[in-house]
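What follows is a pair of complexes built around chain A, which joins chain B in one and chain C in the other.
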Partner chain A sequence: MITPFIIKALDKKASWVVAILVAIAIFVPIANLALPRDSFFHIPNYAISLMGKYTCYALLALALDLVWGYCGILSLGHGAFFALGGYAMGMYLMRQIGTRGVYGDPVLPDFMVFLNWKELPWFWHGFDMFWFAAIMILFVPGLLAFVFGWFAFRSRVTGVYLSIITQAMTYALLLAFFRNEMGFGGNNGLTDFKDILGFDIQADTTRAALFAASCIALAISFLICSGIVRSKFGKVLVAVRDAESRSRFFGYRVENVKLFVFVVSAMMAGVAGALYVPQVGIINPGEFAPANSIEVVVWTAVGGRGTLVGPIIGAVLVNVGKTFFTAAFPEFWLFALGALFVGVTLFLPKGIVGSVSGLYGRATKPRDEHPNLHSAAKEAAAE
Partner chain B sequence: MKEAKGSLLYLDGVSVAFDGFKAINNLSMVLKPGEMRAIIGPNGAGKTTMMDIITGKTRPDSGYVIFDGEIDLTQHDETDIAAMGVGRKFQKPTVFESHTVWDNLELALNRKRGVFSTLFYKTTGKDREQIDEILETIRLIARRDELAANLSHGQKQWLEIGMLLAQEPKLMLVDEPVAGMTDSETDETAKLLREIAKTRSVVVVEHDMGFVRNLDVKVTVLAEGSVLAEGSLDHVSANEKVIENYLGR
Partner chain C sequence: MLKPFRFLVFLLLLPLLALPAAAQSDPRDLINELSQGKLRQRIAQVEAIAATGNSDVVPALQALKDGDLYFKKSDKTVYITRKSGRDLALLDPITGEEIEVVASGAVEKIKVNNSLRRLIDKAVGGLTLMSKDPSVRISAAETIFESGDPESLELLDEAIAAEQDPTVRKKMDLARAAVILNTDASDETKIEAVDLVAENGGRNVLNLLKGVTFNASPAVAEAANKAVEQIERTLVLWDYGQTIWYGVSLGSVLLLAAIGLAVTFGVMGVINMAHGEMVMLGAYTTFVVQEIIRNSFPELFNYSLLIALPLAFAVSGGCGLILERGVIRFLYGRPLETLLATWGVSLILQQGVRTIFGPTNKEVGNPDWMSGAYEIGGLVITANRLWIVVFSLFVFAALFVVLKKTPFGLQMRAVTQNRKMASSMGIRTPWVDAFTFALGSGIAGIAGVALSQISNVSPNLGQSYIIDSFMVVVFGGVGNLWGTLIGAMTLGVANKFLEPFAGAVLAKILILVFIILFIQKRPRGLFALKGRAVEA
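Presenting the complex of A and B:
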């Protein structure tokens, strides 16, 4: 049962992508750790942490593309799943601090001592164990996506309306996590991490390993996505995207199709967040900001939705651009981002990858335009 | 519903109103297994609404819709009803445009449609045979690997009929199958539908009188949401009410 799934997932193009990601996961840490500092191929530490961030963003964009590009669900709240995964990891990292915190409490994180709490809230229990945190990284975003999707898809909420309520979802979580009483560190979030799985989180080796782990996670997720979109289920996804009610009349349970892919996607976003947090050293409610989720849509659109490589390329390119722009002309970045999105929507509706593969005629025939997706995306940009 | 026994589709006293406008008004109709029926009527007579009700898209305000002698279709949604064996062709040909002709047919095949059964599905030799057979019937063999979006209007109509065949329904509802077709295509379609009707029940909604005559089946005339007359085409064309309402316009 599983074997044909994997064989299908590993077609020629997908194998290349996975091979490249694995190679990056191996050689970049070597170039960082083993090569002498003055070597031409040496990769400095700051570059490792930047690349680690980009990889997590790429995974988030891939997750969004699975629901948006293939099933037409334009989620403007994927940042919420990313942040929840990040918080789950952050809670584990907080529990690892132990007595090294400012207040030296062996159990309670600093912010709880500061708030005069006497014992650990119930939902913090278990997070001292990595395996538990790892399960929660998948479970919490998955559960939220399941509950949200259950109601939204069953009520046949689609298009712009669905996008707006996903946006509302992430905004509601933003407000909730800002409150100190929620027990997630309020405004400041969770930070000041010391170590992960017993390794010093600041050490060069740990950072290199985290980068490698992000690449591997991206490779595995890519495989899963590739398997999904190349299966018969993947064809159903596209059928639902293009003609939802028609697929109902062929006996497909559209709400289950959407629910499944939405939950898988949310879990991937959660993993991305969990790998992101130890690399940037902080998670705070700002990650729930609606603007973050909209940026993910821009990366995906720029790279090419409805292709699996597109969102990865889009996320990396746009973020490299962002790193450059915010350093060189900080005040112009948002204009550049807006212009980029408008430009891509107008001139490269299929994104970079879609347009390039169209030029080389590698794609069988140009895919049909989806006016609904476009208008929804434009609204996202206008937000 | 005792009266529904032995029928494939049984509509009794079905009414539905949209904002006070009675689209279907006390409509009753019985279709036997294996029967082909043509439905004609002026614009706004409620032909498409009737199909919406049978396929679960619209819920009637009152009345019974019994399928296969015992199943009350008003209690089920589109997906359930499709799985029970009711196939529908839309007025505007609706195929999955960014899929190839072959994939369109594969999606329509009567196989398990659950999330996990499709996720781990492996195309079998039987699937290929069945699809090739249908491609032959609808004459799209040569275009099997092309995107459905690139088909001509008439070919899309045929592809959709092919998809219905792949679905293997007990009852096929066909809404204006020859709209936008050339005369020779129309003739071919009539032939194809007669062929299909040998193994299942078919309900055809059509405006084209020549086509209906060509089908040579019992005709139901709808007007203002209810049945005006029923019988052979010659019989209903002689009916004064029908002439007044429709034919003699």
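Presenting the complex of A and C:
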């Protein structure tokens, strides 16, 4: 069962992507740690943490692409799953601080001591063990996606309505996590981490390892996505995207298809968040901001939705641009981002990858946005 | 050791000072005497002034209390002073006319202490009861009601006997009842007083009556208890009323923010994420209009909002028209792409405004007719909230008329119901789309004018309303104005009712969760369009 899945997933293009990711995971840390500082190929430390960040963003964009590009679910709340994964990791890292916190309490994190809490809230138990945190990183976003998707897909909330309520979901979580009473550090979030799995979180080797782990996670997720997309199930997925009612009339359980892919995607987003937190050293409620989730959508759109490779490229490109612009012309960045949103939707509806492969005439993607879908959507607009 | 001695001296001095004071008829001389003597003689002086029973001395006493009463060092005459640059303007203590301006070194302040201030309050309370101005008499009665000082009973009786105005008299009766409760009158009188006070009701009465329940004889206490219960019951009702009012007020804000969206989203199916920025542009238009008025035509300030309204409509509507012609029309039938593109536009507008006006909050002033508050029974209604409620209903009604009674509205509804058929009948659907979008954006602009009165005008203004307005439209049902009205009011009132139990943030979260669940139950909102167009 597993082997054919992997074989199918590893078609020519996917093999290339995975190979490149693995190569990056191996050679970039070597270039950072082993090569002398003055070597041309040496990669400085700050670049490692930046690249690690981009990799996590790429994973998040990939997760979004799976639901949006292949199943037509435009989630404006994927940042919520990302942040939940991040919080799960952050809780583990907080528990690892132990007596090294400012107040030196062996069990309670600093902010709880500060708020005069006497004992650990129930949902913080277990997070001192990595395996438990690792499960939670997958479980919590997955559970939220399951509950949310269960209700939403069953009652056939689709299109913009779904987008708006996913946005409401992440907005509600944003407000909730800002509250001190929630027990997640309120406004300040979780920060001041010391070590992960016994390794100093600031050390160069740890950072390089985290980067490598992010790349591997991205490669594995890519494999999973690729496998899903190329399987029979993937064909149903595309069918649901293009003509939901028709697929339902054919006898497919549309809501289950959507639910499955939504949960998988949420878990991937959770992993991305979990890898993101130790690399940037903080997680706070700002990650739930609806604007963040929408930005993820533009990464995916820039790279090309429904291509799997596209969102990875898009996320990296847009974020490199962001890093450059916010340093060089801070005023200019929002103009650029706004123009990117408008320009991509107007002139590059298939994104970079879609357009480029369209130029080469390779039929990797359906040529048009499906004429039937088009007229159906028009009618939806007319209503 | 010294204190009793001082007191004794004071007692001895008191008749000496009071007697000649009473003999004098002109209060001006009494006031001038304040420049003589030490602080401890001043009590007698103030009492002497108060004993004239002439309400003309009230300004001087008030000034003494506020530390604005000075005397000239040269001739020891007393004046009320007012700051005039670095110098002091001297005003006549009785008439308040400005006499001269002197350097602050030429005069000396007449000192007061707290016990003196209390005495002055009481004296002024008595004097103002006889004032010619009814509003002054009312406030005097209210002061006595608050203090409940038994000594003012005599004064009050006199005042009540002389009083002609029934409303003032009612206040005085109330004050008298409060005073009686503090004296050792008979139980019957007291119970009568309790009844009188209770009849008047209100929150301030409650404390007084609660005090009575502890200190009075059983019969009086029982009467007071009953009264307290009854008042508390009515107060709870008023509280509900107040909460509903707050909810309606919040609902009207939501309505204003959402109603334009109801047009663009409801009629055209276009998700306009830049809608909040249209609101923001309206608010900034108000700011610019006010700046121009402040600098060039200050006398027009009270009309600034009226001037801003059409301008804001034009600015936001114009932006909407450009947005529709330039971006959105290429994306019809692709609602998700429209969402992204308009989000991009919203980022550009935000950053544009931030670049031009700076990131800080801008001050938008309230015209006179929008400040102040009204009290209706137990309700406190601030003028600006009241105007916003009225305004939002007016906008709603106007939009309703446009949609139902004008040819343009007819075309719009035709396009909403069946685009292809409308097009076949010769309606130019692209132009209907463009002007519908402009209309929706323009309404957002005038919403911005109203919202500039109650929230911070900053580049992020739109962001804070966009999610709420989407919730209103989705909850109320797309394509139905009544749905938007009812949706906005329901969410506003529900939010305000949840707030006392859950806190503001949690209330908002609960509302969001409720809407998410509600959409599952009724995916098309409260008032869904029925018919063939629904399932595409």
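The rule is simple: the second predicted complex is superposed on the first by the 366 of 383 C-alpha atoms of A that agree within 3 Å, B and C clash if a C-alpha of one lies under 4 Å from a C-alpha of the other, contacts with A are read in each partner's own complex, and residues count from 1 in each chain.
Everything below uses one rule, namely that contacts are C-beta pairs under 8 Å (C-beta built on N, C-alpha and C of every residue); 3 or more make two chains touch, one makes a residue touch a chain.
Not measured: the values here are computed from a predicted model.
Using the contact criterion defined above for the overlaid structures, shared-chain residue A:13 touches neither chain B nor chain C, since it reaches no partner. By the touch criterion defined above, A:322 reaches neither chain B nor chain C. Touch criterion met: A:5 reaches chain B, while chain C stays clear of it. With both structures placed on the common chain, the touch criterion links A:194 to neither chain B nor chain C.
Of the two partners, chain B and chain C, it is C that touches more residues of chain A.
Of the two partner chains, chain C is the only one that A:334 touches; chain B does not reach it. Residue contacts after overlaying the shared chain place A:42 against neither chain B nor chain C. Contacts of chain A with chain B, set against its contacts with chain C after fitting on chain A, overlap at residues 245. Against chain A, the residues of chain C that register as touching in their complex are 268-271, 327, 330-341, 343-348, 350-352, 354-355, 415-416, 418-420, 463, 467, 470-471, 474, 479, 505-506, 508-509, 512-513, 515-517, 519-521, 523, 529, 533-536. Residues 74, 148, 151-152, 154-157, 159-161, 163-165, 167-169, 171-172, 175-176, 178-179, 245, 290-291, 294, 297-298, 301, 331, 334-335, 337-346, 349, 369, 374-383 of chain A touch chain C in their complex. Against chain B, the residues of chain A that register as touching in their complex are 1-2, 4-5, 228, 231-233, 235-236, 238-239, 242-243, 245-254, 256-257, 260, 364-365, 367-368.
Chain B contributes residues 55, 57, 77-79, 82-83, 87-88, 90, 94-100, 103, 106-108, 113-115, 118-123, 145-147, 149-150, 163, 167 to its touches with chain A in the complex.
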